[in-house]
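Before I ask anything, here is the structure I am working with.
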């Protein structure tokens, strides 16, 4: 299975761990990741206002590239995933936006939004299968109690993302089980860590990330894993050293013995 | 061949197995072969079965009294489908009919020859792909494909689906793509199709030959002849009369038309009416699964049947 | 040509507001055949009807066109009025110039023009109308009630008391429905079982009532007065005639861990079970999905312990076909799936429960014997949060756009009873609006607040977060205080939306009764015929028609019963005369119509017809049984020769309307 | 004086669902263009292709047929037959070069007043865009 | 208290949502993780926009304390999606001359070695136009 692997800005700099392990694990799992040439920023935040066309064009370009090559886009970063997935949804369902996007961009092949945007976790679940991963684990993380931190961007808006039940997700918990560890369910796994205000409003970011980590700790987690570089930074920086935070790919690499 | 058929028919008449034979006889000209009834062995002297016997005789059975006496009918493979359909619709009584199946390798069109400049036909012989014609002006050899009746060029079956006795062998279903003509029209733009049909249908003189020849058009009284129906035919002052007639005629035979091609064969204005019927057949096959009217005498036709998962009419818009 | 009278109704300003009725009457007066044309304030009023009747007599009218509201509203009224004046009722046509004209158009010129055109179409049609006489069909004097909850039971009892036979079909093993699960009833707080179980016994003992429990409707044929219904009696694997309901089998069965549906899965039952002590019929039922004997062939304990020898592992489903004159739908409701709203944590914590689960927790026959204990640890809850409108009034995919109607009252009841029994408990109710219309209802709710000290908070719960210590962190808004509240609760109770039972959709199809977008059955008229479905002979009782509390349900059940009785007392029913008929001179005998007729109303016979040469020829021709034909017209379009036509909607009539509209 | 011809739309509505839906649209005062004229038929299966052609013959510019949703027919199966008949007719009209958007079949239940109004609105807009229906004229009768 | 129906219409155009579909249940504010930091709470955004009181919202710091977590958008039973209203009002403000909330000059002192690029880009996307 070949995917168009879209790393995004942060994975090549501050979130190298997320990227390096994702690629190593893909190799170990027999999934081929092909990085598109000349990729650009995805846009980072998906505008909620319908009249923001220009802000969405960078995402449109990523999708058009994948569409013209008939491949699915694979993302690891939650933010990239959120932007690309929402953009594909709107291209498909909002004719006005689609027409404007094409009018701006003058592609050879008009963009339609008919392209699958797949998160690495979805790939693990649907393409590889958690059972297969279980078999390929060489260093099972037996006994480790891990809390999944979904955050906002993977799950919401639920209708557009279609990732999992936005109020009671299970995919990362299944992932943790596949690695041989024990998932810890805690109520704040899908509540905001305050990442977006980390620059400007440190006290709020601290309050929110501490709520998340304390909730995980209270329910017995020994560490927390996430797919979002901003969440990881914020939880580590502002979470008050409550619990260690890792990228999910790092634990996968460890379990598969490719770290 | 003709003699074998004739002797069988003579036997049927002389033994009293049948009291009438429906076949063909020659008119004033060599190529002018038309349906005829024969009620005595002597009259059979005029019986003809040759390369110009295009007419489908099954329809003539509808007018038979359908009791006591039995009628023999000579049917080519494609004609047997029509008969089956008529039996299915209770239009003829199977018990009173003796079907003599005769083989057919495609019938010829004098009109096509005439267009090619061949006139004054006095004789004709088919050998393989070639046709040798005798005319008042000499002999010529033609490609058979060039002078086949249009309906025979896209023949869908050489198999007799119903018969009491066969002269010669029956054939097989053909794999000729008979929908080429329909597909060509479908591939056109809406405007091109419109132009095409405007030119075709605007030639109609409403002679009703298509209706009279069609073995599916056997209504006791056609709605277009019935003053009480509210759609009885009017003179062509109204721009829509002929369109209405042809669309409704095609619709009324949809699911029942066996694709015998008689409508186009008999049209004096050369309107390709079979392209209307074939469109319905093609659509039925696409939307509801393959269906050949007259292939048997029992199965319900697609318009008196449905499935819960039939496509919505929007399928037409989606360009199917 | 008919002598036609035209009557244009103002309907107060409903029509006259956007349609110039004088002009309409004047314009239509000029149409061919119209000898009289007038307008009037309210044509359906007694004076209006008299006006029509007088005109019929005075002008010797042969046809009448009424330009008014929808024919679905008053066609019958006007037909009856004209019949009284001696005109055949089917010589009346209604032009719908209210619902389909004045109410949807704003411009008077536009509305008037359209009204004239609609009037012309009706005139054109009436020219071709022929007097029709309705035939008659017999009535089977037995009713079927589908659903054995309080709605179905009450309907059945009322019909049976009037002396007619009634069959109840109930899909569960016992009748009783939701009311059997409820603890107390608002606003009087009587014990639900105390008022329900006697009715259950009445049903069982009534000589005119026959209960098919553990049964479902398989198919429905026929029409009003003459329904034929196939009932699937599911195999109980217990011989009903032998089982005494002693219950020994249900104590000895080794399969013990089946979630007990009656207690909302909060305790367990055996594989062979009797749903509850007062079940009717009190007969054990084997659950074939969990029974060891039926699954593996090994066990047979119940058979060994049964003194009556009632266990029969070879029992099969049985199909019974019965005839009915009327059918009552009383299929009831269920609560929607709360796992789809997991911000409230229903799937994530045992201590987040639905209101129906709360009923079982407080019921003496429930899993805790009536003591309010937390499902997770069996401790007394000290802080309870009730959340209203969970999925009701929600336009999202998982929610229901309507108000479920009963939640405000039962939550007030729950809150009040909790405070009464456990005064040390803090009770919060989060509400969007408190809706308590009804006799003594608002007083009841106020009592909960004022006397029992329940904290009513205007606002909604946004998140329920289970804590490690077993408490539930409830984050909510208090809109009046402008605050976000954080409450540590021990129990959270969700007032989930109610929805029609899932079986209703399939049943509606079988009955050809229509439903709305929420799968509630639609009534024949929302105000004037609330217990009848638009399908003649099918009646509605209880929540299957819309959310209702118990008193309303019982009232509607009685109303449905009275409608059924009104039908069953008749010996003959007047048939719809607008049925198909075949012109045998045109019929080809092709059987096309016979194939498409859903009622089997068309038969064929062979007749002799004279030919042009005066000889006789036999031909098959169709004939329609007018008592069976329902007048859909499927046959008419199948008929190429036009031999088959529909009275009242003939080819020529419809084409005349087309002509008039397109003129 | 030449009066500008407004496109004329004939709507065939089954009595049980769509006609009731149209009534509901009226009860709820949901506007749709006045050039839509409704003809009541007992069931969508009562709509004979003849009626549709007749409407076009007499100058209609668009024809829409509305019935109960499949599976919900008051007469159990009528709309299934209608669906086949109408699908084939629509396909034939398109084959003859008549604009596909001039004809439409919609399922509208008695509860779908809003859908009825919206459907009529959108259909009327489509027909207005197509303009007068001239495509069935006979060349010999062309004015 | 200034009423500006043009601004109201602009917000409605941007969100594509009719604020009158709100039934004022307050679930958005119940779920908001930033409730205590906000002068105007999510449900008030809807009410004030509906009333045309957009200027008050535009002047408020609440615009920058919304975490854009979309919890209100997800949980709203009426599909009103308050987060869209917050963003639309913020856009109105940012699109004014001099309306930017974040200036490039302010960035250097906010940086630290681990700060992901994502944080800076998103801040610019959200707080300046």
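Residue numbering begins at 1 within each chain, and the chains themselves are lettered A, B, C, D and E in the order written.
The rule is simple: contacts are C-beta pairs under 8 Å (C-beta built on N, C-alpha and C of every residue); 3 or more make two chains touch, one makes a residue touch a chain.
From a predicted model like this one, the values you see are computed outputs, not experimental measurements.
A.B. asks: From subunit C, count the fewest steps through touching chains until subunit E is reached.
C.D. replies: Contact-graph shortest path, subunit C to subunit E, evaluates to 1.
A.B. asks: Could you tell me the least number of steps, going only between chains that touch, from subunit A to subunit D?
C.D. replies: The fewest steps needed to get from subunit A to subunit D is 2.
A.B. asks: By CA centroid distance, what chain is farthest from subunit C?
C.D. replies: Centre of mass proxy via C-alpha means gives B as farthest from subunit C.
A.B. asks: Starting from the Cα centroid of subunit D, hunt down the chain whose centroid lies farthest away.
C.D. replies: Result for the farthest chain: A.
A.B. asks: Decide which interface, B-C or A-C, involves more C-beta pairs in contact, and give its chain pair.
C.D. replies: B-C
A.B. asks: Just curious, how far off is subunit E from subunit A if you go by their C-alpha centres, in Å?
C.D. replies: Centre separation, subunit A to subunit E: 24 Å.
A.B. asks: Can you give the whole-Å distance between the Cα centres of subunit D and subunit E?
C.D. replies: A distance of 46 Å separates the two centres.
A.B. asks: Measuring from the mean C-alpha position of subunit A to the mean C-alpha position of subunit B, what distance in angstrom results?
C.D. replies: Measuring from centre to centre gives 67 Å for this pair.
A.B. asks: Rounded to the nearest whole Å, what is the centre-to-centre distance of subunit B and subunit D, using the mean of the C-alpha atoms as each centre?
C.D. replies: Averaging C-alpha atoms per chain gives centres 35 Å apart.
A.B. asks: Multi-chain contacts only, two chains or more: what residues does subunit E have there?
C.D. replies: In subunit E, residues 71 touch at least two other chains, as defined above.
A.B. asks: Enumerate the residues of subunit C that touch no fewer than two other chains.
C.D. replies: 343, 463, 596, 638, 651, 655
A.B. asks: Mark out which residues of subunit D touch at least two other chains, giving numbers and ranges.
C.D. replies: Answer for subunit D, listing residues that touch two or more other chains: 49-50, 54, 71, 77, 81, 85.
A.B. asks: What are all the chain pairs that meet the touch criterion?
C.D. replies: A-C, A-E, B-C, B-D, C-D, C-E
A.B. asks: Which subunit D residues qualify as touching subunit C in the complex?
C.D. replies: Residues 8, 10, 15-17, 19-20, 22-27, 29-32, 34, 37-43, 45-51, 54-55, 58-60, 68, 71-78, 81, 85, 109-112, 117 of subunit D touch subunit C in their complex.
A.B. asks: Going by the contact rule set out above, which residues of subunit D touch subunit B in the complex?
C.D. replies: So the residues of subunit D touching subunit B come out as 49-50, 53-54, 56-57, 70-71, 77, 80-81, 83-101, 103-105, 135-142.
A.B. asks: Spell out the residues on subunit B that touch subunit C in their complex, using ranges where they run on.
C.D. replies: Subunit B residues touching subunit C: 65-67, 89-91, 218-223, 226, 228-231, 252-253, 300-301, 303-305.
A.B. asks: List the residues on subunit C that touch subunit E in their complex, please.
C.D. replies: That would be residues 343, 389, 391, 393-396, 399, 432, 458-463, 475-477, 479, 482, 484 of subunit C.
A.B. asks: Spell out the residues on subunit C that touch subunit B in their complex, using ranges where they run on.
C.D. replies: So the residues of subunit C in touch with subunit B come to 585-592, 595-596, 611, 615, 617-620, 638, 640-643, 651-652, 655-656.
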